[in-house]
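In this document, chain identifiers A, B and C correspond to the written order of the chains, with residue numbering beginning at 1 in each.
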Amino acid sequence: MRQATSILSFDTPGRGFIDITGSIAGWLRQSGIGEGLLTLLCRHTSASLLIQENAAREVRQDLAAWLDRLAPEGNHYAHDDEGPDDMPAHLRAILTGVTLQVPVIGGRMALGTWQAIYLAEHRRAPHHRQIAVHLIGE
Amino acid sequence: MRQATSILSFDTPGRGFIDITGSIAGWLRQSGIGEGLLTLLCRHTSASLLIQENAAREVRQDLAAWLDRLAPEGNHYAHDDEGPDDMPAHLRAILTGVTLQVPVIGGRMALGTWQAIYLAEHRRAPHHRQIAVHLIGE
Amino acid sequence: MRQATSILSFDTPGRGFIDITGSIAGWLRQSGIGEGLLTLLCRHTSASLLIQENAAREVRQDLAAWLDRLAPEGNHYAHDDEGPDDMPAHLRAILTGVTLQVPVIGGRMALGTWQAIYLAEHRRAPHHRQIAVHLIGE
């Protein structure tokens, strides 16, 4: 049994959902671990991680509109010194979450056929984001 | 230290919350691992996993009504080619999440007295759902 | 490779977010494990766990107001025998989640600079809360 860890970096173009499944799969492959548990932690408070539909792009469009509605921008927040998109970004990160775990079976992440891993950027501006990854297995 | 993995299947009767704690506990028991970490991944984008109250059935009833209110059906979604209950199902799956981890201590999942693990089916129709399970420990 | 597990207890003063990062870091330190995976499970259905901003206290204030808005108290719940703040507490716990995982790298939790781990108490009254912790690594 052994472990591998890393801090992976991603540049986001501002608000949106970036499919990082391929990058994670690449890191997993070079680890040489074929059966195990993969854990991801987004090291930020206004970006997050989620597993969702990898096919229809309209799903991401509807998701963005829904997050806008549930946690709208506006002047009703006490925390506003980093701009009007900052506090809603925190709330959207809380709703979606910053940690994910994926079992690794037979050399692959045991995701469903329609699942991809997304880094969700909730700020309007481009950001440099880090994801801590941990893998244990053999 | 060793691992066990499996893909467990569940048939859902359509929208609702299915208590899968007993099935998971059964799988855990036959693994022979008494101290460790259990991970579950729901391999779908319109069903999800959550840990909640195992006693009062009204809690699940209120939860269903709340999800209806936060992510309602309607004709305002761009992604509508799989029916009016599909996009809300994706949103409800994102809100509740598809991965869960439970420490295993003394041969049992370390859940609280009132906690059960539910597979949440968000589509109206019955579905065949898969959960990837991973266990590491000794 | 080895494991450590424990049940940690926290007394909450009623609704609010308690920074438990220091307590968890203390437990991690005395385990002697420097590379691994840390898992937390809140053993309750009306309290939860989240990772969020550790600096501006206004973020927690806005978060509390947002949860009040998304899952308000009121007489519209079927489950009301434990008081008007109980069912909203369940819903807020579902939204934020009860499990968290943090990679441990170089003797420390791989949290971002601005991240802290919070125990979220969603009931109005003070409560005694338990968190199951699991650590695997070396």
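The criterion applied here is as follows: contacts are C-beta pairs under 8 Å (C-beta built on N, C-alpha and C of every residue); 3 or more make two chains touch, one makes a residue touch a chain.
Only a predicted model underlies this, so the values are computations on that prediction, with no experimental measurement involved.
**Q** Could you work out how far chain B has to rotate to sit on chain C, using CA atoms and steps of 5 degrees?
**A** So the angle, rounded to a multiple of 5, is 120 degrees.
**Q** Quick check on chain A against chain B: do more than half of the interface residue numbers occur in both copies, making it same, or fewer, making it different?
**A** different
**Q** Quick check: how many Å separate the C-alpha centres of chain A and chain B?
**A** Chain centroid spacing, chain A to chain B, equals 20 Å.
**Q** Counting only residues that touch at least 2 other chains, which ones in chain B make the list?
**A** Residues 1, 37, 70, 95, 97, 101, 136.
**Q** For chain B, which residues are in contact with chain A within the complex?
**A** Counting only chain B, the residues touching chain A are 1-3, 5, 7, 37, 39, 41, 43-45, 70-71, 77-79, 81, 87, 90-91, 93-95, 97-99, 101, 130, 132-134, 136.
**Q** For a test of understanding, state which residues of chain B touch chain C in their complex under the given definition.
**A** 1, 35-37, 50-53, 56, 58-59, 61-63, 66, 70, 95-97, 100-105, 110-115, 136-138
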